[in-house]
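Below, each structure is written out as structure tokens.
Same chain, two partners: subunit A is paired with subunit B first, then with subunit C.
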Partner chain A sequence: MTSDTVRAAPRPTAGTVPDKAPPRRRRLGDLPIAIVFVLPAAIGFAVFYVWPAIRGAYLSLTKYNVLTPPRFIGLENYRQLFGDHLFWNALKVTAEYVVLNIGTQTVISMVLAVLLHRLTRSMVVRGIVLLPYLVANVVVALVWFWMLDFQLGVVNQVIEWLGFDRVAFFGADLGIATIAMINTWRHMGYTALLIFAGLLMIPPSVYEAAAIDGASEWRTFWRVTLPLLRPVMALVMVLSVIGSFQVFDTVAVTTGGGPINATRVIYFYIYDMAFNRFNFGYAAALSSVLFVLLAGIAYLQLRLSRAGESDLKGA
Partner chain B sequence: MKRSLIIAGVATLLLSGCGAGPEGGSGPATIDYWLWDAAQQPQYQACADAFHKANPQYTVKITQYGWDDYWNTLTTAFVSGTAPDVFTSHLSRYPDLASQGQLLPITDLVTRDKVDLSMYQDGLADLWVTKDGQRYGLPKDFDTVAVIYNTDKLKEAGIKPEEMSELTWNPQDGGTYEKVIARLTVDQNGKRGDEPGFDKNHVATYGLGLNTSGAGFGQTEWSMYTMSNGWQYADQNPWPSRFNYADPKFKETVTWLTSLIDKGYVPSMDIISSGVGQIDTYGAGKYAMVTEGSWNTKTYWALKGVKSALAPTPIGPTGKRASLFNGLADNISAGTDNPDAAWAWVKFLASPACQQDIVAKQAVVFPAIKSATAEAEKAFADAGIDVKPFTMHVKDGTTHLAPISDHWADITAIMTETMDSILSFKSDVNALDPANTKINALFG
Partner chain C sequence: MASIRWGRVAGWAVLVLVMVATLFPFYWMLRTSFSSTRSLAAGAGDLLPVDFTLGAYRRVLGLSSTAEAVAEGGSTGTVDFWLYLRNSIVVATTVTAGQVFFSSMAAYAFARLRWPGREAVFTIFVTALMVPPIFTTLPNFVLIKDLGLLNTYLGIILPHLLMTPFAVFFLRQFFLGINASVEEAARLDGAGHVRTFFRIILPMSKGPISTLAILVYITSWNDYFWPLLVGKAENVRVLTVALGIFRSQTPQGSPDWAGLMAATLFAALPMIVLFALLGRRVIDSIGYTGVK
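Let's look at the complex of A and B:
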């Protein structure tokens, strides 16, 4: 994290920043107008997030099939959940997916963003990079599903022409990796643009300084770009990891969780429990556990990456 | 003010379940009717028009949702009070809806209006009576299973069409049925499955396609084998209390099916889960034959580039063929605003006026009314399809009623996992023992 070029910029200490803070009375005067601005979002948040979350937490303590009133059963759903091999399998499969998806997506996006930043400012290129993201998830999944079909797909035909054996892309061994790669393909352009925006915030002066010091492009990336990108990367990681955990549609339109349980990710399991098996109480318990898990992961990520601080302050 | 806004918003969400439909009482009414099969919408629209003509006070509004969305949409509609008055229903779904009080029993109405239940194919009407003796539907159609094969592939293999109607099957060596499947399988070097040097890892055309592992139903995947081997799903049907998935007869049938995958005559689970589906794969000439349900017949005949014909399912160790006998009916929502109109429409759908005069002539499904079956056979023949391999099960009495059971969704979940695993060679057939125990535990 410490680089010679960055250290040249003095780091702010806690006491030095808020010297221009407005007087207290003024801030209270802004309160009514602030509330007006915040209210629409707050109502949406309350109605569509807070209330369902509270009700979901309650339903997780019941046996509920939507059509008859919920029956309170205490912690029974949670007791059942911890002994449910499909729950643990779903967590495992989802974790595999997240690691593969985030791993490849972040690296490829970073490379794309740096290339966009250092090589070209062309809007056309930026547009092309973003293109996969503009196609609906389900369409992307279905197109790839057709292309990767074992017997009919163009990809397997090419593989065969090249002299290799056909590949069961959605089989038990490769299914989850294939789904991860499809979503990496779809999201990498979008993530690259987020990172690209972060790159634009890095002042050119630090690159000039690096150039004067004779740093190579490679070294500049590791010593200047990457450290200064940290807050943006933290945001990108938190958003994409949480988004990645929510994988559902790609699974739903391709493998449907199979074969066996090889691609039964947690969201698909929750959906299956609720809408196919009408076990809404149990599905609510699964969702509650996932909520706690995601909250924990997001908190850890933010703590570890010190996302609220920037190395550029005061520069 | 803001507080009340939030409360109002929340209240709207909560109370949206209590909305009432626009019409009520007798007099003119619009009947909301849902179905899932787009291929069947034209024929039921024709029925709706005929119904409106006979009963000008009633208008039927048909809405179609694909099967994948149908039951979710319906459930949500029940919760929010916007359920259709009448909807096409499935045997695997109606028991749950009935037990939760969402369906209107029509037992008394059937008695009152003296509906002649004997006009339907035997057994079909009984499928819609629950354990407590209440009737919820009148049969509208039936389906059976047959073999669909690619006539060109059969010719290339030197097999005569006549041979296809006399095939026998057994779980030990697969009988003449397996011989045909082997003969029809061709590897990339042109070697057939019954020839020396056949490369099972590089198959160009599989002798027999496979759709899924069949879960606990196996309607078009394995039910025609297991039942011609003398196996039954459960101790009784409808409303079983014990299932038979651990039965040796079931196990040996499944073992035989996996042996076909092992020999390269049938695609593996990895291959079929990496594929868009049996129909398209057959259409591309990758399967020489498939086992299919009668409702898909027209879809196969619409495939470009392949010519197809039908053959009956093979004769098993019992000396008989076997096919599941499944059928649909229309259910009435308990919350309908106009039970009279709904019942009039249901009765019309189940009458010769709709089934024989309209549905049969469209040659998409087989209507449930006996006299309409011959009509449908004729309509199929006019379209160039000889459907006797489907209807012979009814004539010969080789049909078996589809299992109707509580907990069917849970049984499906357990059996999907187990059958997927067995057909993937990740576990052997003895995995059926714990699965069956788990299923029986659902029934206490």
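Let's look at the complex of A and C:
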């Protein structure tokens, strides 16, 4: 979606306008006016992104409970972190969540996108699949919390009616899978529409060529659609994996991390550490580790998927 | 030919299944919100509201007395979702207006102006997309606290008012796609950059800008984590935070399900109405392919 937009955009080149500006002006270009345009955003960026990032890195090296000034303790938080089984548990639970969520979401969205592309241009259909994305995580979580309730939930009514035992969806065994499915439900339509947008960018001529060659729908999908979709998919995947690691709302309003620690995802653990146990320094250290981890994952994903390259040119 | 037809039938079957799975929870929210909490146990599988009543709405909108609320399985704590609705509107509207405007200015500078360091600064902006919000959220909480802005609108709004890396990135993509000749024509007419931006670039980008505005509004409306940290007080409490608190009040052992569903529907409704009004634009926007 994005990389191709850039590619397609006619960039202003030196050749389009004869550049008669004096050398000094050419070096500075539009700098003065650019500063005016960028300034408000740059202030917001400096105060609410850069400064807190620096401060966060520093706080991770301190013992800090918000009420008294932070006390520098070096790498003590990080040392403690490696022996903290709750931290490792939170990572494990989060990883389970991400795998389940991204796995189901990607497959369902891809199928949905291809179906939308091949079957209909109906705005109503697209609107319906997008609907869950428009309501808050909290709303979605509560509705499913109610529908999956052990005693009164409609899903368990149906399960019992079919002759099976009631399922403890928010119990220790299934809790994290349930939360993953709830968020898959919320995001599948949105992700499908992103992929759908990518599908629309594939020139119809490519499909016509495939049809002339007598390729089946199935073969066309694997040999034409999927490779051409790769840049879009790479972007979608990177963004959804990063988003997925940050699951919090759904956990916070349903299980609250329980039972015991079965759904205590990393974000919730950090929140708990900072705002219930007032251990801000340690929470900052946890966020730093999460940051490094996510950066590593994003980098790997981009490398593996060669996201910056498009196959469209060669097609 | 026949096989293709069957393929289409199967495809439609899957599509319909997805749509039903998507819509059913919304129906169930509606159905439960018109039920009486006390009767839900007896009619847990009924497709229609159990003991139809508007009691749940009266409870969450602060219209029923405590005695009434308790009698219907509600909580003794008072809630007023009208107030939370107002707070959500104030927060989401301010954030959207500020963020979209200031981000579009920055995006213009990154896309259409030529200045030394442009790529470097833009790269730094975009790198922030990769930073998990929690890394900056904790220190931002400390900052807002130090500024004495806890439990104020300003405290909730400020961090997202001037920019988000996404907004800048998003608009830059579209500004890049605008044909340079349009700008050159304006330049030949003697228009400066400010004039070009307000008179040509912004009007030309109405589509992507309203798209972004819608996305920002939705994100802000649905945000839970940040307002939970800085805006728990009733006078600035937004809908999502209010829902979380309402959910944790468990009257008489079991949640007030009808009240909870009435509240969730009330919180979701503005987004659904917005979608109904702007639906086409929202959907198109997600598939927006930029200027040809």
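Here, the second predicted complex is superposed on the first by the 272 of 315 C-alpha atoms of A that agree within 3 Å, B and C clash if a C-alpha of one lies under 4 Å from a C-alpha of the other, contacts with A are read in each partner's own complex, and residues count from 1 in each chain.
Here, a contact is a pair of C-beta atoms (placed from the backbone, for glycine too) under 8 Å apart; a residue touches a chain by one contact, two chains touch by 3 or more.
Just so it is clear, the model here is predicted, and its values are computed rather than measured.
J.: Look at A:Ile159 in the shared chain and tell me whether it touches subunit B only, subunit C only, both, or neither; answer first, second, both or neither.
T.: In the superposition, A:Ile159 contacts neither subunit B nor subunit C.
J.: Determine, under the contact definition given at the top, whether A:Ile73 touches first (subunit B), second (subunit C), both, or neither.
T.: It touches nothing on subunit B or subunit C.
J.: Output check: A:Gly171 vs subunit B and subunit C. Expected answer is one of first, second, both, neither. What do you get?
T.: The answer is first: A:Gly171 touches subunit B but not subunit C.
J.: Go through the superposed model and pick first if A:Arg277 touches only subunit B, second if only subunit C, both, or neither.
T.: first
J.: Once the structures are superposed on A, label A:Gly258 by its partner contacts, choosing first (subunit B), second (subunit C), both or neither.
T.: In the superposition, A:Gly258 contacts subunit B only.
J.: Is A:Leu148 in contact with subunit B, with subunit C, with both, or with neither (first, second, both, neither)?
T.: first
J.: Just checking: does A:Ala295 make contact with subunit B only, subunit C only, both, or neither of them? Give me first, second, both or neither.
T.: A:Ala295 contacts subunit C only, not subunit B.
J.: Which partner chains sit in contact with A:Leu91 here, subunit B, subunit C, both or neither? Use first/second/both/neither.
T.: In the superposition, A:Leu91 touches no partner, neither subunit B nor subunit C.
J.: By residue count, is subunit A touched more by subunit B or by subunit C?
T.: The larger set of subunit A residues in touch belongs to C.
J.: Who does A:Ile128 touch here: subunit B (first), subunit C (second), both, or neither?
T.: second
J.: On subunit A, which stretch or stretches are contacted by subunit B in one complex as well as by subunit C in the other?
T.: Shared contact residues on subunit A (touching subunit B in one complex, subunit C in the other): 43, 47, 51, 66, 145-146, 149, 151-152, 275.
J.: Any idea which subunit A residues touch subunit C in the complex?
T.: Spelled out, the residues of subunit A in touch with subunit C are 1-2, 5-6, 8-12, 16-17, 27-31, 33-34, 37-38, 40-45, 47-49, 51-53, 55-56, 59, 66, 108, 111-112, 115-116, 118-120, 123, 125-140, 142-147, 149, 151-154, 157-158, 161, 185, 188-190, 193-194, 196-197, 200-201, 217, 242, 245-246, 248-249, 252-253, 267, 270-271, 274-275, 280, 283-284, 287-288, 290-291, 294-295, 298.
J.: Flag every residue of subunit B that touches subunit A in the complex, lowest number first.
T.: 2, 5-6, 9-10, 13, 71-72, 75, 78-79, 96-97, 100-102, 201-202, 213, 267-271, 273-276, 280-281, 284, 286, 409-410, 413, 416-417, 420-421, 424, 426
J.: In the complex formed with subunit A, which residues of subunit C make contact?
T.: Touching subunit A from subunit C are residues 4, 7-8, 11-12, 14-15, 18-19, 21-23, 25-26, 28-29, 32, 40-41, 44-45, 102-103, 105-106, 108-110, 112-116, 118, 121, 125, 128, 130-143, 145, 158-163, 165, 168, 173-174, 176-181, 183-184, 192-194, 197, 218, 221-225, 228-229, 239-240, 243-244, 247, 254, 257, 260-261, 264, 267-268, 271-272, 274-275, 279-280, 282-283, 286-291.
J.: Could you please specify the touching residues of subunit A with respect to subunit B in the complex?
T.: On the subunit A side, the touching residues are 39, 43, 46-47, 51, 65-68, 86, 145-146, 148-152, 165, 168-173, 175, 255, 258-261, 272, 275-278.
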